[in-house]
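Below are two complexes that have chain A in common, paired first with chain B and then with chain C.
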Partner chain A sequence: MSNIIEVKNLCYSYDGDAQIVKDAVHNVSFTVKSGEIIGIIGHTGSGKSTLIQHLNGLLKPASGEIIIDGKNIWDEPKKIKDIRFKVGLVFQYPEYQLFEETVFADIAFGPKNMGISGVDLTKRVEDICDIVGIKKEYLYVSPFDLSGGEKRRVAIAGVMAMQPKVLILDEPIAGLDPEGRKEILKMISKYREQFDATVIIVSHNMEDMAVLADRLIVMNEGNLHMYDTVYNVFTKSEELEGIGLSVPLVTKVLTSLKKKNSGIRTDIFTTDDAVEYLCSIAAGGRYA
Partner chain B sequence: MDSLIKLNNVDFSYGEDKNFILNNLNLEIERGSFTVVLGRNGSGKSTLAKLMNGLCKPSNDDGVVIVDGIDTKNEKTEIEIRRRVGMVFQNPDNQLVATIVEEDVAFGPENLGLTPQETRKRVDDALKAVGMYRYRKSTPHHLSGGQKQRVAIAGIIAMRPECLILDEPTAMLDPEGRDDVLDIITKFNREDGMTIVLITHFMEEAQFADRVILMSDGEIIKDGKPEEIFSDIKTLEDIGLDVPQTTGLLYKLKEKGIDITTDAISVEETAAKISAALHLEEN
Partner chain C sequence: MLKDITFGQFFESSSPIHRMDPRSKILLLILNIIFLFLTKNVFSLIIPAVLTIVIIIISGVPVKMFIKNIKTILPIIIFTTLINLFYGSAGTVLIAFWHFTITTSGVMRAVYMASRIILLILQSSVLTYTTTPNDITDGIESLLSFLKVFGLGTAVHMLAMMMTIALRFIPTLVEETEKIMSAQKARGADLENGKLFDRIRALIPVLIPLLISSVRRAYELAEAMECRCYNGGVGRVRMKQMKYSLLDLWAAVVCVAFSGGVIALNILL
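Moving on to the complex of A and B:
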């Protein structure tokens, strides 16, 4: 598989309070293969948001390169807008950015900026609503009449309607109730299947990361601290805790069990896997 | 029960809207208690919180909210209510007003008309209580989300309220920031006897509470100890909620035929249940 994203020696810093240097990014390099789901974890101020804003050209590197689909995005600065159609970025709390009179107009805003109009535009909007499960009867109501979770879905659909090859979401489930979280995650999976898209998710929810991601980027103080499979990241619980992060709760339960019985495995990160493992012990199976 | 806040027959709707967000709500919050309110987005949790400190008033004439003996409908006593019941919201960025941390924390006490000396003392105490004293001269927007939220809490604490209502205070925070905020409010409750009402979408945060209230469509549908609430997974799922991941693990083990009870929330309690059920203890 080819690399859809290549980040080479990315450096960036904000000016400001010399006491607290936060959100900077120091010499970060990594590649993402087409179709992967990458999770980005790191405590607040570790540089996650700064990093992702470089991937669609919202921020310009102080030094280093951002290569999307084989092309350095800053080779032709005038065409940077095209990158935003290829790499869709959903900000934190995107529902606060809804502004149009109808759900339709809000979702159509992105594709319209791409020069799509008329029936093609209508089709774009309706297609994405089908895929992500927004009912047609909602299209002509005001987005402000929707619930928080519904507004969030409309806002994300607006980015998806541009059909970006790479979809980046900054804390897409923050502030939602359990049902709302499930709906958003389902919507992201469906989009990915339909468009063979690459997905990058920034999240503090380790449980969801364990279920969803292929690989994890761990940011710490502006550095790329780890970039590895979910397994290789979450088996380093002490290291993660040292930088203010944590492993999924089920892993913590197993770690606590290990204190009682040193034979217990702690390299399990999802509830389903933990249930299977514990049941095999109950059935008289071996621990490992 | 010595109740600090009392809601009687409260209906609420915004403006002239006939769609009531809250319907005939009756609730008492005991002095010194720690209550967690769970419910979906739009279930009326935040409205309930705003009613408790007089930011919202009952829409019906016979609906009454009494805080420490004071009726919130009386506008003259509004300041007395705010003094007693402080509120912390989800987004710390919307709550910080000053350019220096200690000035921000001083905003509340200054408005109470305290002497400069008393204000100074309260600001320092509050910042120390939330572990942000060394950042007192910093600019709030250079702090992390968790730090900002702690400053927002300090600003409320500096007014020395009897009760702290927090509306999803950890929604925007990373795991460390979340733990810090929960540690602080648990400490205020246990050590200072402060009454806490915590509204949250994180089911596991209920482990710190002595009471959990479940809300759905503007009504309280369950009210009990955390273990009682989470022992009824069906009701929770019906209203779009869930059990904590730890409790969920126990449920799934039970479904698989393992002889285990599901009344645990914290990691340690959960591990203890599993250990006992599977006889894992080494000799």
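Moving on to the complex of A and C:
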């Protein structure tokens, strides 16, 4: 598979009155293959949000290159808008950006800016609603009458309706109840299948990262600390804890169990796998 | 961009003027402005000018910050100067063309008007540079508290509280605006290009979410305040008590002395 995103030596710093000018993102390089799901984890203020705002050209790097689909996005600064349609970015708490009178109009805002209109526009909006599970009767309701979780889904659908090849989401499940979280994650997976999209998710939820992501980017104080498979990242629990992160809860449970019995494996990161593993032990009759 | 908006341009320092009571700073500013307007001509302006320079030096605020403030109202100064230039009828004619004549008294008048505005701005800048917005509001509230006699005590407190909250939320709203702008740009909104009308229309996706979140914040804040038994100023005491000190007395003496100077010059000239 080809690389859809290439980031080379990216540096960026916010200008401020602070006398110590520290890079918000310092010399970060990585590549993402087409179709991958990448998770970005990191402590608050580690540069995650700054990093992702570079990928669709909202921030311009102080130095370094961002290559999307083989093209440096800042080669033609006038066409930066096209990059934003190719790389869809969903901000934190996207429901606070809803503004239109109806759900339909709000989802249509992005595609309209792309120059899509009429029947094509209607089709696009309806298609995306099918995928993300927004009911047809909701389309002509005011988005402000919806519940928190529904608003969030409409807001994410607004970015998905542009059918970006790369979908980036900043903490898409923050502040939602378990049901709402499941819905959002389901709609992200569905979108990815439907459009062969590459997905980048910033999250603090290690469990969901373990389930969803192929590879993880670990950010620490503006530096790319690790970029590896979920297995290789989460087996380094001490290193993660050193930079204020942690492994999934289920892995912690297994680590505690290991203290009682050194035979327990601790390289399991999802609840489903852990259940299977523990059941197999129980079936083996060793600790039953 | 948005982050260039400075509001409440407080300059951190511990000069004698910073340490003065906000109430006396406000009162003395009013006194100085009154006497600035009681001057009769450009010569008697010398006294307020000297006073202003003295205050600026004592305040320890860099001069370039004052120049920045004058620059922002430069159009007004130029406009006033030009208007007044043609207003004098006495004195020798310097230039005359078409319907316009510029006389020496016109020039004097223009210089007088311009310097008066500049001094006014400088004096008020000293207040905003040396006093935090919250201190100014507290000062105003305390100075207006005499209105209690007319049963307007709550109104004064409400006004002051509104000002405090507004000031407190300016940075929050600026940050929020930037966030919403980025989010709408990510959806292809074009906020920078296009004709004036298009650009105004392009602001709708930014302004509506901003308005909604302001209302939401207002409700949240109101609830948080009620949870802490806020009931609108009645029986409320202050954590930071304002106290007049010797410093305020000295400042008052100096300002009154200069005001006396203005009266003296007005009589003499």
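The rule is simple: the second predicted complex is superposed on the first by the 277 of 288 C-alpha atoms of A that agree within 3 Å, B and C clash if a C-alpha of one lies under 4 Å from a C-alpha of the other, contacts with A are read in each partner's own complex, and residues count from 1 in each chain.
Here, contacts are C-beta pairs under 8 Å (C-beta built on N, C-alpha and C of every residue); 3 or more make two chains touch, one makes a residue touch a chain.
Since the structure is predicted, the reported quantities are computational estimates derived from the model, not experimental observations.
Judged by the touch definition given at the top, the superposed model places A:V230 against neither chain B nor chain C. The wider contact with chain A, measured as residues touched, comes from B rather than the other of chain B and chain C. Of the two partner chains, chain B is the only one touched by A:E179; chain C is not.
Contact with neither chain B nor chain C is seen for A:A24 once the two complexes are overlaid on the shared chain.
Contacts of A:I281 after superposition on the shared chain: chain B is touched, whereas chain C is not. When the two complexes are overlaid on their common chain A, residue A:L89 makes contact with chain C while staying clear of chain B. Contact with neither chain B nor chain C is seen for A:A210 once the two complexes are overlaid on the shared chain.
Every residue of chain B that touches chain A in the complex is listed here, in rising order: 39-42, 90, 138-139, 142-146, 168, 171-178, 201, 203-204, 240-242, 244-246, 248-249, 252-253, 256, 258, 267-268, 270-271, 274-275, 277-278, 280-282. Those residues of chain A that touch chain C in the complex are listed here as 53, 56, 58, 81, 84-85, 88-91, 94, 96-99, 109-110, 113-114, 144, 158-159, 162.
Contacts from chain C toward chain A in the complex involve residues 179-180, 182-190, 204-205, 208-209, 212-213. The touching residues of chain A, counted against chain B in their complex, run 16-17, 19-20, 22, 42-45, 92, 147-149, 171, 174-180, 204, 206-207, 244-246, 248-250, 252-254, 256-257, 260-262, 264, 271-272, 274-275, 278-279, 281-282.
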